[in-house]
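Lettered A, B, C and D in written order, each chain numbered from 1.
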Amino acid sequence: MEDITLEVANRAINAAIRKSQKMNVKQNIAIVDRGGNLKAFARMEGAWLGSIDIAIKKARTARLFDIETGDIGKMSKPNGPLYGIELTNGGLVSFSGGIPLTNGEDEIVGAIGVSGGTVKEDQAVAEDGAEAASDLLERRAA
Amino acid sequence: MEDITLEVANRAINAAIRKSQKMNVKQNIAIVDRGGNLKAFARMEGAWLGSIDIAIKKARTARLFDIETGDIGKMSKPNGPLYGIELTNGGLVSFSGGIPLTNGEDEIVGAIGVSGGTVKEDQAVAEDGAEAASDLLERRAA
Amino acid sequence: MEDITLEVANRAINAAIRKSQKMNVKQNIAIVDRGGNLKAFARMEGAWLGSIDIAIKKARTARLFDIETGDIGKMSKPNGPLYGIELTNGGLVSFSGGIPLTNGEDEIVGAIGVSGGTVKEDQAVAEDGAEAASDLLERRAA
Amino acid sequence: MEDITLEVANRAINAAIRKSQKMNVKQNIAIVDRGGNLKAFARMEGAWLGSIDIAIKKARTARLFDIETGDIGKMSKPNGPLYGIELTNGGLVSFSGGIPLTNGEDEIVGAIGVSGGTVKEDQAVAEDGAEAASDLLERRAA
C-alpha cells in the first residue's frame, strides 16, 4: 500500500479550504500519513490559534484508531466504555472534525483533522477534504 | 493592527487590582498579546500560588479561541460539543475569568486572565481589567 | 504590520520544495507566523519522520529570537554565552535551517524551518523559501 | 521574614525597564517570590518572544539555588561539577541575567530574571532591578 503523497494531502487541504470559504468559516486543516505523522497543514487567515493543536490532534486521533473522532466521542463520555481515552497518546480529541482517508481499495492511508468552526462545520469541511483525497486516490488506482 | 502595549497591559492589571481590593479578594492577573504570549503579570499579596498557572491559562484560552473562558466551559461539559478541549494546547481553562481584549475597532489584541477568587469574582475583576484596556485603546484610536 | 498569509506561506513552501528536488533531498518544511504559531507545513515523500518536529522547532526558534537558527548555535556551544538555551521554550533547535521571514519593510512576519538533509542542505532550501516569501511581500508592498 | 510584595516587584521591573531604555535594548523581566513562584512580569514592546520563558526560568533558577544564574553556568559546563543541572526542575537557565533579591538583612526574598539582549546586557539590567528592590526593602527595614 502506498502512503499518502503530498499531492493527495494538498488536494484534501484545498478542497477543505474551498468548502470553508463557501461556509464563511476560518479553519485549521491538518493531514497525517499512515503512521499518524504530520504530512501537511494549513491555517486560514484569522483562524483560531487554539485550533492548530486541535486540528492536528483530530487527524492523529482519527488515524490512531481508524475511526471518525466524533465516533470516539460517543464512547469517551463519563458513562462510556472509553472514558478518559483523550488522556492517552499525548492527548487525543474526541469531537467531530477528524476523518480517516481511504484509497480506492478501502485501505486507510492517513487522516484529515479540521478545527476552527463549530463541530458541525469542522465535520462538513473535513468530509469535503476526505472526499477529495479519496477521489484522487481512486482515480489513480483505476 | 497594533499588538497590545505594556502601557495597555498595565492599565488592565491596575484596574483589575483596584476592583479586587474593593471586593476584598486576592488575585493573579495575566495579560497575553495577540499571539497568545505572556505580556504582563501580577500576583497580589497572599493570592493562591495555584492560580498563577490558571490566570495565565485563562488569558491564553481566551485569546486562542477569541472567546470568554466561561463560554467555552458551557460547551466542554461531558454532554457538550467540545468535551475534553481542556486537554489540548498544553492545557486550557474553561471556567470564567478569561476575556479577550479589544481595541477601538473591535479587533482582538490580546486577553486577560484572572484567578484567585470564586469564578464570579474572577470574572468581575477580569471585566474591569478588560474595560480599562479597551477604554484606553478606544481613546487612542479616536 | 500584516501577519503572514497562507499565500505567502505556500509560496515559501513551494520554492523550498523546488530547491529540494533540484538538490535531490527530501525535506520537511514548516512556516510559523509572527506569533510563532504554525501557519503551514509540508513533508515531501520519504522525508525523515524525525524531522517533522525539527522543522517546526527551527521555524519557531528563528521567530522567537528573530535570528537564523545557525547563529544561535554559534552561541549555545558549551563555551558560548547561551549554553543550554535549547532546553527553554519547550525545546529549541540551534543548527542551521531556520530563517526569519521579512516583508518589504524589513519587518519580521514569521519564519521558515527546514529539516531532512544535511544542515547545509536544510539551510540552502530554507534560504530559497525565505527569498520567495520576501519577494512576494516586497512586490505587495511596492 | 516578609515575602516580596507587588510594590517591590514593580519597583524592580520599572528600574529594569528604565535601564533597558537607556541601553536601547528590549527586555522581558520576571520577578519570583521566596517560593520561586512568579510574582510579576513585563515584556517591553518588540522584545523577543523566546525570552519570556528564559526570563522566568532565570528568576526561578536564581531563587532555587540562591545564586546568580551566571555563577551556575560556570559549574554546569561539560567539565564542571553540575553538568546537566539545566535539565532539572522543569528546566533551568545557567547564563547571566538572573539575580536573587535581598532585603535589608541580607535575606533572600525572591529573584529577578531578565532576557532580551546579550547576556551582558541582561545582567546589567537585572542588576539595576535587583538594586532598586533592595534599596526599597532596606529603607523599609530601617
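Methods note: contacts are C-beta pairs under 8 Å (C-beta built on N, C-alpha and C of every residue); 3 or more make two chains touch, one makes a residue touch a chain.
Note that this is a predicted model, so its numbers are computed, not measured.
**Student:** Rounded to a whole Å, what is the gap between the Cα centroids of chain A and chain B?
**Tutor:** 31
**Student:** List the centre-to-centre spacing of chain B and chain D in whole Å, with centres computed as mean CA coordinates.
**Tutor:** 25
**Student:** Using mean CA coordinates as chain centres, what's the chain A-chain D distance in Å?
**Tutor:** The separation of the two C-alpha centroids amounts to 44 Å.
**Student:** Hunt down the residues of chain B that sit against at least two other chains at once, touch-wise.
**Tutor:** 33, 35-37
**Student:** Which of line, ring, star, complete or other matches the graph of chains that touch?
**Tutor:** Topology of touching chains reads as other, fitting no named class.
**Student:** Looking at the whole structure, which two-chain pairs count as touching?
**Tutor:** Pairs satisfying the touch definition: A-B, A-C, B-C, B-D, C-D.
**Student:** Where on chain D is chain B touching in the complex?
**Tutor:** Result: residues 3, 5-6, 9-10, 33, 35, 37-45, 49, 52 of chain D touch chain B.
**Student:** Considering only the defined contacts, which chain D positions touch chain C in the complex?
**Tutor:** My answer: residues 48-51, 53-54, 57, 73, 76-78, 86-87, 91-96, 118-119.
**Student:** Hey, which residues of chain B end up touching chain A in the complex?
**Tutor:** Touching chain A from chain B are residues 35-36, 61, 63-66, 78-79, 81-85, 87-90, 92.
**Student:** Okay, in this complex, where on chain C does chain B touch?
**Tutor:** Contacts found on chain C: 33-37.
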